[in-house]
Structures are given as C-alpha cells and as structure tokens.
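When the chains are written out, they are named A, B, C and D in that same order, and each has its own residue count from 1.
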C-alpha cells in the first residue's frame, strides 16, 4: 500500500509502497483510511522536535486525525461495534483501558499511551491497524449500539474532528458551568482550533457573549461568519502591545466586568499574560495552545481575584462522540483543503508557511 | 391608593382605596407598581388553600410578580442600588440575609422567609413597600453597579419573569451539566411555566433535543413556535394512558436510549410516574409543578438505572438577573394578556377556567 | 474442579466436580478463587426471582464477590496488568468497554452488561475465567502500574469489598459535596451494606455527624463500635411507627435543621417515606436497598424544600480501587464468617434466616 | 476608649483614647472587642505598602480578625440575630449585599468591599461598629436561628479563625472533590495559614495522605503534632534548590504518581514553580500566599498534564460558620500568643522578625 513515512527527522516524508498490515490479535481492526487531517503536531513530529520526549524507531507513518471504513476485523470484535464496510472515526487517544485515567473515561491521558501517528503507525497511508475496536466511533449508528444518530459519510469532514475539532470542545466543556446569560467567553487565535472553538462557544455558551481575538482581519471576519458576537484585533506579539485599548473595549462589551472565560488557542507567553488582565473576578483561562515556553502571571491580582488557569489536552472518546453528533446534525461548519497522499509534502510546506485555508486533509 | 385585597378567603378580591404606604426604615424602597403577574399560587392563596400552612392576618394584598419604578427611597440605600424613577423588578424571595440559605445565595429558601404577596402585602396595588433595596433588580444598569446591559422598559414583560419565568430557569439550570450534544430534555406541560421552560431548554441545552409533552394540540403548536424539536401528545389523566405509544416515540427520537432530563411543570401523580418510565439510564426528573399529592415510582428500576428526582422551587436573585438579561437581549418570547386592577376578579375567573392566553398581567 | 451450581431454581446448589475452564481468547485470565462473598442477590438469583429479567441457561455457577490469585493468563495481557500468582480482586461490573457508560467510567452500568455470578459463571468454584484483564484489580501494586499501595493478602476481607463494600461507597461519594462541618448524614439499616456505609460516612463525611438508624439494638451497638455518633432505634415496619419520636431526636441532634443526607440501605416503602420527613431543606436521600416495591413521597414538601432522591447501583472500577486502598491502609473494619464450598447451602440457609454474623464468605 | 491607630505610615501605632463610637443606623451593632488577631496584612497596611491600591484617610484603626460581645444594638436588628451580651465573631468581608458576588454568597469578593481594619476602622480598640448584623456570627446558637451548636466562649481562639483560620479552609474546600482514598494533598509553608491548612487537609481530605513542606525542622515537627502524614524539608529560596531530592521522595510517597493537590501558603515564585513539578497528572495548585511577584510555570507540561492553578482569597460567611463549628466541636487545635492593646507595637515587632509562636492575638 502507499504510505508517507518519516525516514529521518527534518526531511520530507518518503512516499513509498509498503506491505499491507495484518491483524495481530482478535480485537484489532484494519481501517481503510478515507481521510487524515494534517496538524501542527505532525510538523513537530516530522521535524524531530519531540525525538527526546517521544523516542521512535524510524521509519514510521505519521497522521493521527483519521476517518475511513472498516476493511478487516478481528475475531474477538463484537458484531455491534463494527462490521466490514462501516464508516468509522478513529479515536486517537489509545490507552491501556486499565489505569486510573482510562478507567475514569480519559484514555487520552493514559499512563501507557500509544497514540497512532505519534507513537505508532498512523493514518498517512492507505490502511491503518487500529489496536482495538474500543477506539472506533461508528458513524452510522444502529439502534442501541452506538450514539451517532443519522448517517454521516463525509469522512473528510470527520477526520479533523478527532483532534482539531475535539481539543477546543473539551476545553470549553470544562468551563461551561461558568457560562450562561450575562457571561462572556473569548477565543484567542482563530486558527485550526479557534475556528471550532468559536462554534462550541456558541453551542455550549448558553447565550454567553462570544468574543474573538486575533491579529489578522481575515480571521476576525471568519469568526463573524461562524457566529462570534464581538471582534478584537490584537497587535502581533513582536510589535507594541495594544492591551490598554483591548482592555477598554472589553470593559465596554462586558459592562466593566471583564471576560468570564478565555480559551487561549495560541499559548504564547504574551497571549497568556494579557488574557489574565482581561478576566472578570473569578474568571478562568483555559490554555490549549502550545506556542510559547511558559505561563507567566502577576501573583497578587491572580490570588485576590480568584483567577483560575486550566491546561486542557485533546479530548476523550465520549467527547469525540458529542462532536461527531454535532456534525451529524449539521450544527458544525467545516473548512477544508484536500490533498492527495503524494501531495503531502506540498501540504506540509503550505502549512508551515501558514498558507492552508482551513484544515489540510490528506485523502489517500 | 387603589388596591385589590383579600378580606375573606374564597371571596372575590375587594377593590378599594387604602392609604399609600410609608417607609418604616432606611433600607426600604417604595415602588410604583407597573405590572404584577397573576399566578395559580394567587388562586390558592385567595381561595384559602394555604391558610393553615401560611396563617395571615386579613385583609392582605396578594401579587408577587412585580415590576415598576422607584417612587421613594430610604436614607440608608446606597445610590448605586436605586434612585427615584429607576425601573426595577422586585425579587420576591425576601429573606433574612443571615441564615445559611441566604448566605449561600438562595434567599428564596430563607428560614425566615417573608414573601410579598404571599406572607406580606404584595403587588396588586398602586404601590408596594419593598423591605430592602437588596430585593430590587435595576433594569437599566449603570456600569459596574448592576448586571443588566442595555435598557428595558416593558415592565409588563418583566413582571412574570420574577416567578413564572424564573422557576423553570432554576429547574433547568440545576441539570444543565447533563445536557449537550446527543442529549435530550423534555418539558411536561406547556402552560405558564412550560412556555418559558421550552425556551430555556433551547438556551441552556447546548444543542440537546427539546421534547414538548402536553395533552392539548394548541400547546404543542405553541411549543413549536418557540423552538421545541419534538412533540408528544399525552392522554389526559382521566382517560386511558397512552404511555406505551409515548415510550415508542421516545425510543425513536432518542435512538432507544430514553430522555436524559424531564422537567415536570404539572406535578400530577401520573405525569411523575410516567416520566420515570421515559428516562435514559442515569436520567433526572425535575419537579416544579404542584398539581398532585404525591410522588410515586417503582423502586427497582429507579435504583438499577440510577435515576434522580429533584424538587425545584422558584429561583434566586442571580438567576433572576440572568433571566432578565435574556429578556434585555431579546432572547425570550413573551405571551401576555393585560388587565387593569379593577378587572382583576375577571382575570382570576378566566385563569381558574384555563382561559387566559399566556400570562395574565395586572397593570394598575 | 469443585463448584456449587444452580441446576434448578429454588433448590439447594449442587456441589459437583466439573472440568476446569480454559482460556478462550488472549485477554482472558483464569483466577483461582481465594474467597467469594455470599450476598442477598445470590439468594434472589438461586431462588429464581430474577428468571424473567435475567434469563439464564442452567446449570450456572453463582458468586460475584470474588478475590483470588492469577492461575493462567492470556497472551494479549500486558505484563504490568497481571502475572501468574498475583493476588487480585475481580471487579464484577463487566462491561463492553465501548458504550457511553463504559467510556464514561461506569462499566457497571454497561448497555451490554455480562456480570459474573449473575449472568455468566461466577465465583462459587475453584476457578473462574475473567473475561478481560480490564476487570482485575491487582492487590500488590507495582510502581506506576497500579494504584494499591502496600501489600494485601487477606482475600477473604477483599472479596466482600467488590459489592457489599463498594455499593455504599459509591452512594456516599455521590453526595459528599453536601457533607462537611455542621452537616449530618444518616445510614438506615446497619446490615451488610450499612456496616460499611457507617465507616464511609466517617471517612468521606469531612466531620459531618453520622447517625445510625436500625430496628435492632445490637446493630446500633455495632454502629457505635465502628464510629457512628448518634443512634436512633426505629420501630419495625409492621408495628406502630415511632416517626414522631425519631423526628424529635433528629431535631435535637441537628439543632432543628434535619438531616442533610440519608442513605437508605433497606429500601422499604416506609423507610423511604419516613426518611423524606427527616431531611433538612435541600437534603438528599440516596437509595441503595431494594427491599420494597416503590418509592412514595408527599409532593409539596418535596418541591418546596428542594429535596433530592438518588438511586445508586454498585460502583465502578476506580471506586473499587479506592475502597481497596482504604483496606490496604487498615482504615476499614471487616466482619466475616467463613464457610467452605461444601458448606455453602448451610451458609445460604443461615443468611436467609438473618443468622450470619457479618458477611458470609465462601473459601473454596 | 483605648485604641491603636495609624497616624502615619511606617510609624508605630499610636495608643490613644478616642470617643466611643455610636450607632449611625438601625442595622449597625457595636461589639466590645474580646480579641483581635494580628496578621501579616496588618504589617503591610501599617507600613503603607497598600496606600496606593487602598487609599485611606488617616488616622485609622487596623485589626480585622475580631471576636467579642455585643454591646449595643440597632433598632432594625431582628432579635434572633443578636442581643446585648451575645458572644460573636465578626465576618470581615463586608459587602454590599447586592452585587453578583454578594448574592452568590461570596461577600468577601464584593464589588463595593468595605473591610473593617483595612478600609474602615477595625478591631485594635475597645469597641468596633459593625456595619450590619449580617456580618456577625453568633457563637452561642439558639435553635433554628443560628448554626453553631454548643457553647463557645474563648474569643481569643475564635478571632484568628476569621482570617488565618478561614483562608486555608476555603482553599482546600475548593478542591476537596479531588481528594479521597489514594489521593494526596501537600501544604507548602507551615506558618499562620499552613498550621490550619494541615488540619483542614485531614478533615476535608477523606483519608488522602497529607504532606507538609517547610524549610524549618520545627515547623515540620509542628505539622506532625497536628496530624500530617509525611514531611519534606525544602531548601530555603536563596540556597541551592533540593527539588530533585524532593521529587524523589514525592515519588516514593505517592507510588510514582505525584501529588494531587498542593496548597501554597507561601506564594513565592520558586515555591509555585517547584510545586508544579510535583503534581500528579490532572493535579491542582491552590495559591493563597502572597509572598512573591509572579506565577511562572513551564507551558507544555502544564497543558499536557492538564494541571490547574487556582487563586483563593479569604472565605465567605458560611465557610466561617463551618470553621467555627469545627472549633466548637473541639476539632481544631489553636496556637496563640496573647498581647494587651498597649503591647501591640511590641507584638508587631516580634511578628516582623518571625518571633511570635502561633498567632499573635491582641486582647484589649
């Protein structure tokens, strides 16, 4: 089968024919990849940025935002959880199923994590071996057995939901009890994650005002199209901060209170620092972006105002089902650019330069 | 001033001129009543149904859903909390401010409750003495001092929000963490409370499916107008139950799971009993209606399925502010029939016979 | 191997030699049963009370409170989750691992439940096949792999923790946010579950007053030994209720407020009804006992006081780990009567007549 | 009456006779001060450190940890909330009673805060005017009216509970849902706050392991006396960090997991930074100390491990009642050094030099 693999860090992926995979035990499932999203994490991995924290034996196939159809199925897979031909999304947070995190429903935080496309072979190939049917979400639910109502066939739209569309969902769900009438939520950075975050802020916000912050006019324009209520253009990190002006506008929008929840999809040192100066008393900052090196915040206002900071990572299986449920009910907008598998190095270059419109999706 | 008072239980209210009230201490405020909602609780009170649980010295002025303008103001009232002419809603759950419930933010559950229109003189009069500025919600917020953004002048629409519009809000807010994509919430009884409950289910439901249940086609029609997604006609309590058919439809709507949250705005013995047979595993029933005598439920499925039942009473001050915030932002629909104070006995008769369209509001 | 099996409902178990089980797939584990608790549920099952709701193909081996040692191990079991000779408890809520309940951490509520000793062969035998290593709790934790610190060898004490010791833990954990200084929690029925419930009320109660209610003096005496603070003798259900006297004593103990949380380990119609008359405003009743037919409660006080009722079933894997952690740290008292496997019918007779001191444990 | 007042910042307090205060309105109460705790905040205030953030008109009487007896009472004070001679604690977070924080139960976070001893005259005097009976906690509860059971007369022990004993209570209560069997909580800094924090960690920890960290052996010794389970000596901030050794010991204590909750009563830049390296996945850091300038944390592990940081300020009225309830039931240990009012400057000097054993309490 065709695949795109890392042979050495920092080099283009090698497009090559490799043997099709086989089932190794009865719980495994082989999925024919219908689409696999391309993500900034892939760039880090390919570039070797993580080679020390996640040591890998090369070559390896990256790609962790996967959707497709079941091609072959292990003998121990109960019928209701998958049959040949079923359209499926692949939940990427493969866990052991036993540790305290897995048993608590958060497999993506497993002590023995083995993520496809990051720690083991992923989706930039024609086929992928999914280590257990427990990691599949059937897209065409049959009654009683699965959660997704209605039918969903557009796997290109589903693939990015398994990460880019999942991470901001969890981030906002964590703090939804702080939202509601008269409250406000801001999304910092309207890129891959922020695009979905704005939409979830409307859905989970229970009528809270949704504020978009970005450095680029076209991103604020996009935020408007998908439902944000207010738009603040922040200055780029290199130039002079326009925080005082932003504070003034926030004060106007929130009747002097400040913002209740800020979700930082950038995670730069200055976006974090500045966000903490825009919060309402008791407010929360959720950080999902990983751009910067550190979190820095002045201590006294943090304690006096009882601020909170949450780190948020990816999402769990049930959260992925909820996100797919939204898509199945046509409550999410998508923005994709498709590439074939041989075009993947071109897609990588475009993504590096910030020139992909919406999410890049590889269609093998 | 003109007033409508109970002189003896079970008789029409006496429309009569009485002296205007005076301020008794520095924290009191006199409000010129702009509108006062008429409620089934008023019928109970007037009829003497509560004379044992709430003994009153007659005559007394009923009316507890009050909005209007500040007419006179005590000396100890800080300027930011009210000035003559300010439009205000009157929060009716007057509490002591000290007991564990008041200090916990739930004054409506105060150990020493003294509710206007129920335990002390209320709003079916030209003026009412509000015992403390702590019970006013300013409708035109000034920056930093109050929560309501924008301006609100239609006190007729605001008055019913202080009870009919507040009670279902609290009920649904209690269980909003159980709602979201792929979840469902049903409202039983699309009357005074249910009319608002449907709207809050959409706002707080985070994309949960909203199911309306009622015995009357026109009420289901109304539910459709205000945004419900599914409509189930239940048989009247006297006739043969159509529960098996309802269960089948619920199964279809929820892919065989059952309903996650049911809010019972009727509270009849059979609506409660039947609701518990429609719940999803782990589901919750919130009871706000008080029509019946008792709650009755089969034990084993209740325990095995980990069902929950919550009683919910009225709402607190902050919840009222949230409801008014929704109204101020034009996110609520209202349905009112106006009556003048001298017409109040006619309004009472119509309400008794179920012939008022929407909420009856007395405009003195 | 020796086993005790149901051949026909309502008859004594047949003690017989049957072939030792084999592994059917790579995730299974064979456990040599060290001890298996005997429970009222076993009586129901053996008596055929559940033959309609849970149809079984006889003969079958009951017994669902199992602890022992690993005898044989499937090839797909990762080394850190079990090796031959390891002491283990068997979590009995075997679930599919995929449905919303399993993925949410509550496998015991699985849509496709297959509980050992109830739906498939259980622990009244020398060996049991555990369907997946995901259902084992290793009692001797190795660093990083498992949660139980220290060493635990007394499997007789561990076996009953998997149900009798787990069910009240979950029940109280559900409402622990309502407990703390100045709060109170009552346990109704100091039998198999109540014995542990009292202890958890002290551990999770955060200094809340713990009140024991039972019909028998010796049970109240036992409650005292394990740490309860107050003791109320309720009249037996047949005779005249002494509720007025109980209410008076509750009022004295709680300074007139009523009890914040009541855990009903009996579940009779009258214990539920009476409990709801002893609650503080906003109080909760958690029902785990299944003695009665129905829940019955007066409606108006339920709504007005914002009472809550929760059904609670068994417990999940992480909760079982917490319970075992308590035992491993010598924070739980146990009370057991041991029987050999051939004595099981004698044990059943004694249990039926209420003549077993503490938990009956079968030691094959 | 005798008082100790700030006449100019940075100078010793002036001990002087001033007129006794009068009631200005009907809700006020005059309390004869029985004891008033001396706190590091007092040093800041007296030194003028806050003169810009809290501008004051001098002279002013500091002292915000106040307990005593009611001397005179306003006409609008309901009888059940206080009578002449009643022993009372003074809740110091005086709020407006109307803003969203006050109505939510957190008066100490009021938008219009007016704290005694910090913003208006406090307790280093023979008498204090309490602005409303809503800020009193009656120490001898009468049935139904108040929450404190039993009798409490030792006002010296109660006074410090209103701040030093309240702040760590709220901090730990915020995160108590993360505690329980198998969990761990660490207290950094066993000074005025930490002394109570250790005790609350045992009470609210639900059997979690309690770890004390301090630079001084005698403080770890003290932590042992009041119930901590583990003791880690951290190096002083100036010298070489011993974090690697601390990490190793934490790993041993927690079976390799890390600490679930850390409460930092110091708030230095290095204690915060180091704490974040000791947390378990999903762990929380609660900061109450205000020693440092800023919070600093490495970003990637913060997000990947889903850490949380909470600021926590003082406590609310109900929390104060809970703390006093613990004291009334003899569940708290106290450590005090008494000074007379004329000795206050000596007490201040000793406190500055860290030479007061336990809490300094001024007894006028």
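As a working rule, contacts are C-beta pairs under 8 Å (C-beta built on N, C-alpha and C of every residue); 3 or more make two chains touch, one makes a residue touch a chain.
Computed from a predicted model, the values in this text were never measured in an experiment.
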Pair of chains joined by more contacts [C-beta pairs], A-D or A-B: A-D
Centre-to-centre distance between subunit D and subunit A (centres being mean Cα positions), rounded to whole Å: 42
Shared-contact residues (touching 2 or more other chains) in subunit B: 144, 147, 321
Topology of the chain contact graph, where touching chains are joined (line, ring, star, complete, other): complete
In the complex, subunit D residues that touch subunit A: 101, 109, 267, 269, 272, 281-282, 287-288, 290, 292-300, 302-313
Subunit A-facing residues of subunit B, complex: 141, 143-144, 147-149, 173, 176-177, 180-182, 203-204, 206-207, 255-257, 321-323, 325-326, 329, 331
Sites on subunit A touched by subunit C in the complex: 25-27, 75-76, 78, 80-81, 96-100, 103-105, 111-112, 133-134, 144-145, 147, 316-318, 321
